[in-house]
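Common to both upcoming complexes is subunit A, partnered first by subunit B, then by subunit C.
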Partner chain A sequence: MADTAPSRSRDLDKLLLRAGNLVGPTFEPGTELRDDLQEYARILVVGAGGLGCELLKDLALSGFKNLEVIDMDRIEVSNLNRQFLFRMEDVGKPKAEVAAKRVMERVSGVNIVPHFCRIEDKDISFYNDFNIIVLGLDSIEARSYINAVACSFLEYETDDKPQEETIKPMVDGGTEGFKGHARVIIPGVTPCFECTIWLFPPQVKFPLCTLAETPRTAAHCIEYAHLIKWDEVHSGKSFDPDDPEHMQWVYSEAVKRAELFGIPGVTYSLTQGVVKNIIPAIASTNAIISAACALETLKIASGCSKTLSNYLTYNGVAGLHIKVTEFVKDKDCLVCGPGVLIELDTSVTLEKFINLLEEHPKLQLAKASVTYRGKNLYMQAPPVLEEMTRSNLSIPLYDLMDKVAKDILHVTGVTGQSDKKTSCLRKLRVVFRGVDGVTDMDMAGGA
Partner chain B sequence: MAEPKTKYDRQLRIWGEQGQSALEKASVCLLNCGPTGSETLKNLVLGGIGSITVIDGSKVEVGDLGNNFMLDESCVGESKAKSVCAFLQELNDAVKAKFIEEYPEALIEMNPPFFSQFTLVVATQLGEEKMIKLDRICREANVMLIFARSYGLTGFVRISVKEHTVVESKPDHFLDDLRLNNPWPELRKFAETFDLNVPDPVAHKHTPYVVILIKMSEEWTNSHGGSLPSTREEKREFKELLKSKMVAIDEDNYKEAIEASFKVFAPPGIKLALSKVLQSADSSFFPFSIAIGSDLQQIINDSSVELSSTSSDFWVMVAALKEFIATEGGGEAPLEGSIPDMTSSTERYVNLQKIYQAKAEADCLAIEQRVRNNLKKLGREPESISKATIKSFCRNARKLKVCRYRLLEDEFSNPSVPDIQKYLTDEDYSVAMGFYILLRAVDRFAANYNNYPGEFDGPMDEDISRLKTTAVSVLNDLGCNGSTLTEDLINEMCRFGAAELHAVAAFIGGVASQEVIKVVFLS
Partner chain C sequence: MIKLFKVKEKQRENAENANGKTPVKKQSAGELRLHRDISELNLPKTCSITFPNGKDDLMNFEVSIRPDEGYYVGGTFVFTFQVSPIYPHEAPKVKCKTKVYHPNIDLEGNVCLNILREDWKPVLNINTIIYGLFHLFTQPNYEDPLNHEAAAVLRDNPKLFESNVRRAMAGGYVGQTFFIRCI
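Let's turn to the complex of A and B:
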């Protein structure tokens, strides 16, 4: 006992310095592993909310020293029942900045870089700098976006064999009330978020005719006030769910409508819940799910134990049920597959190519921005970049891609029908016809 | 001070004012404030638990900083209980937080009455011998107890509560209480005002599916000697019959009726009103607890329904419920009173809703009278159970659950050998069962050798072979002679060396705090 110097990693050392039989295939125990985790492992936490706060704490106490966190939100009073890094006096400040500061204050040696912005504001290359991306999000769209970004780095040796060094692992958590999930996504190996998108059923939307003609529930009355009456009365002024006066107006209109039809149950709290689609959240569930995610992150980074394969659900509603399901990859996934193959003549200009993407039956990608190996070929926004890249539009893509016969391109844009447009990122395999070394059927991606 | 309503908004949406008030009345005692205990309390303090008392006799060491977020450099050498308590207080000033610098083991030995002042005790990282003693102390004092332990990459949370009665269990899947094949007179009369063959297409597509199913179920039973569709063929036929009544393909109400037709097939009465899902959800993995479960029939036939001076409010209400089912209820529990949303004109839907509500209120009133009578007979204040409580009881009568937990020493001295043997060889559960045995074995190991296996650096061969022997003796004592654990698992347990990893502690602490919240709501 006497020969052991006091060390902060007293407990973690047992796991990282000792050999075991139930460990991951890459595990090489020793002080070097511990030091490498501290020095070289770079982890990005997406979201600094209920899960994000816990994740930063858990990762900082799991041997990681280089963390970054990205979140566009500011702290609200209703966060304080679970987002334990925030205090009343922090309300209004950026979550990412306060969370990073608090954890650094308490865990010496850890460095956390906050990013107070939207996830789409960062270049794709920003995300490539991390070894593992951990997601603490509450929206399907944001998960989908990060998933596409991480999968865009993936390149394949052959159609079903991903290149090891291009794999960007993700760990994703989510909670609702007493329930939650934690999952490990190894692009190219396990299903990506898009492969199993059916796990997240779309939000229920009421038909407008029900709202307008046959309301039956309190929620119908609220959505009538929110979606129909607001526009009728406030011509041109858009509804702001964070403006208490707007919310109050919707509430009182909903009450009037409910009284008219004899429908019970409209309250201010329900109005907020319906309009903002509030998901109930408690500290304990966030703690459980984040801890599971942090542990998986440590396992992926160190190999100190076998990783979750690949989707864990936690349900504490009646009793306690934990289930692990091994989902399978969708071979034809547009996001984590080798990429949609596009054959082009060498004369096709960038502008023509962008138009092609919109008509492409699988992609239907409008307003595309195009990136090649980190180089912006054309950017729709911001205006400065648009102007700088506009002149490329008339140049053949073949020339812009340095006259290689085939390679991978990244495009971002919007897909979906008129009522639900979402921004997305797609990886494309471009092959130029008639260029040396390429036969028409050569599908292999990568350079 | 900001309005607590806003601060707690996201949790009030789950457990309401009633749940919040139960939480704010609860006083929790934590034994040992390593990361497992600290994280458990953190989640409770954030939610607004009434008061916490942190008990730990140790001083903060440098090693503690690596796994406990509540501690920083300035705490080294200080009382751990004091340091953790100070951080927890910072999280929520509405919580009364205090600490006692004392080893829990000493309190258990020297001062058992100490624990009776709390609603609940959370005992973390406690050895088996002390767990057994504390279990007995808390059971006698009627104090709820939750054990939590993190050990390497494994651990456990276990509840020890004499009786845990759940009124608002809010299961995910539960059959609506619609009485489609057994309508009461007012509902039947309402259904009779509809003509399913109404020529007006607008009226036809706005007939609520509840009415469609009541009428069609009556039509079916009339032509089938009073019995409901029961075979697969009959059920298919019933759905075809519904389909044949459609006059246009866009009639959502008929589509809903076809989809909900299974609600007609369940025979009336309480026995089979339960969904299978809930019953299976109740069977626990391990023979830890005895649940008399969610079968209402079983609950109303439990001996606790014979009231005595010590009967809890819950059982006073169950006794009233039993009488109700046998009399006014005609074999049914009180009506729940709410109906799901369905395609309908507003007026018809609202009227239908009123009929269900009126019946639910009448049923509740009948139960309330019986509850008041029971209270009077017991010599208690007849109004001592509030109307709101009775109402909530009635609304959830079909979902009542009762759990009773065995004492630890019962579990150890009188184990369910076949279950243990089954899980030890089961592909899915053998690792979990193996760790259950090993978590007991390491405590026995520590009692014999004064340290945990692999606790100190150096070669582990001796500890591995000692742990193996100890695990075999645990298995033998359980009556599982001949059962063994894999070398890999024993090896792994030694590798853990009693480490308390932060992420594991946060997980175990998270589970423990969620369970605390659930049992506190019912106290």
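Let's turn to the complex of A and C:
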């Protein structure tokens, strides 16, 4: 025990060993907290790219010892300017594996388990093993997926309060050039990704006829080669943006097109940028956003400070602007919301259930279509689906839901009186009476 | 914030009796929104929809349009729809499976319809797109051409355009291009 040498956790200790005025409500300072944090806190980093490299380094240096990282990509030469854990000789190797190895070499005592696969390849239960999930991603799809997974662990009490031990916090970072964001998502408490998906601007898309007929910019020429010319020449073969030969083909076609119309500016890197929707990545933006995310992760895990509430935006284009906005939850969010609690007998048929929805005081939902975990139990329209699902109407809902004691299902239907009908899509929490493991909740259902 | 260390024992317990309580795959928010769009479809008699992968895959479907007026009356045109998990943030990918002689649809099946690309908004829905496609057949538009030759003929010689359309729909050549019968 080298007590004289300065401890690696010296700075951390200042946060974790002392009480303070800004600490969270459950904060219990002391060495036990620090040691527990190291022993028990399990953090998943999703993405081992520009942000992911920073995050792994920052989290490891913040004292977390049990980290895992998941990423499906291999290292490319163009990553090396900012994804600082990678070297020339790593090109072609899986990012997750190299990143984990490099951080473990440099930060003693940390254990990082890499997962070289798609996020969808893992069982949902894989994600439940972590206390906090930190996202360093570049797509809406991937964020939406992880968000749905994390929110699926969330359970609510009968009074619609989230059950604390089922909350899976997420810290989401994102960067685009000189701009970035960091946000804290505590499902059931702060807005989830889906509550505020409208924050993302729609992708710019050019009209196909402009591409075909009146190209005016280099990007038009590139999109013409990518979206129209490719299909014309390679009938049936789909374009793969990660195949350099495909990209080269699109580039050379775009050059021909640009020459034809006298348009300057088509380059190979612009072609990649337009086709893959790439915005140049700035190393310092990643570093700043990652620092914010790692700090929030530490705060959530330890309670050593109140957390970011709840969405930080950073803009370094002209000067340096940081703003924190407190977004609000969508109480009817299909992903993180509690849904309407409905208690049923196991004998209730789907048809009876659909009728009950119309009478339910909180719903008053007529003409309901019902979907359960991707299975469409009943569809009011179109006729072809109505016919395919009609036979379910006479089957007990309990059987259609694979005899689980309780679960989520979704319904679409019409609410309101004849003069003002609106369509709506609702999440329901169905609980079956008298099925094992479920306590009596008569006072909640009232049916 | 989170009672991480009150949770630590609970977590051990959960790990021990993880008796199938792990949630299975979730429907994406996009799928749910699509479920609503589909269950509220209100199609004219001239349009029908099919689900090649059965009742539980709504993300991939086909729409047949049989125009009851205009140049394309009597033809049947099939469109494939591919809906992304982040629908309605992103418009569905729509292609015309039936080879058609049309100013706004090219021979690969690409469709020039503003709401499929530059004018897509999340408030729009599948019904809107189907009506938009239907509209393309009653009102083909030479100002937004994808099939340049067809657009030029429609603009300069509507009578010839009409006979070209009839010839293509009956199954035959227009210029160098062969069209399969779709009547």
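Please note the rule applied: the second predicted complex is superposed on the first by the 331 of 447 C-alpha atoms of A that agree within 3 Å, B and C clash if a C-alpha of one lies under 4 Å from a C-alpha of the other, contacts with A are read in each partner's own complex, and residues count from 1 in each chain.
Criterion: contacts are C-beta pairs under 8 Å (C-beta built on N, C-alpha and C of every residue); 3 or more make two chains touch, one makes a residue touch a chain.
Predicted model only: the values in this text are computed from it and were never measured.
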Which of subunit B and subunit C A:341 touches, first, second, both or neither: neither
Partner chain(s) touched by A:148 [first = subunit B, second = subunit C, both, neither]: second
Partner chain(s) touched by A:278 [first = subunit B, second = subunit C, both, neither]: first
Partner chain in contact with A:128 - subunit B first, subunit C second, else both or neither: second
Subunit B versus subunit C as contact partner of A:290, first or second or both or neither: first
Of all residues in subunit C, those that touch subunit A in their complex: 1-8, 10, 15, 18, 22-33, 35-36, 38-43, 48-51, 54-56, 58, 84-86, 89-90, 104, 106-112, 114, 117-118, 120-122, 144-146, 148
Interface residues, subunit B side, partner subunit A - complex: 2-3, 6-14, 35, 39, 42-44, 46-48, 61-63, 65-69, 72-73, 90-91, 152-153, 169-172, 206, 278, 281-282, 284, 341-346, 349-350, 401, 454, 456-457, 460, 487-489, 491-492, 495-497, 499-507, 509-511, 513-515, 517-518
Complex contacts: residues of subunit A adjacent to subunit C: 24-26, 28, 33, 36-37, 40-41, 123-125, 128-129, 131, 140-141, 144-145, 148-149, 152-153, 164-165, 167, 169, 186, 194, 197-198, 200, 202-203, 205-209, 212-213, 227-228, 231-232, 235, 299-303, 306-307, 334-335, 369, 371, 373-376, 379-382, 384-385, 388-389, 410, 412, 423, 425
Subunit B-touching residues of subunit A, taken from the complex the two chains share: 1, 3-4, 6-12, 14-15, 18-22, 54, 57-58, 61-62, 77-78, 80-82, 84, 87-88, 91, 105-108, 177-178, 214-217, 261-263, 269, 272-273, 278-288, 290-292, 294-295, 298, 305, 315-321
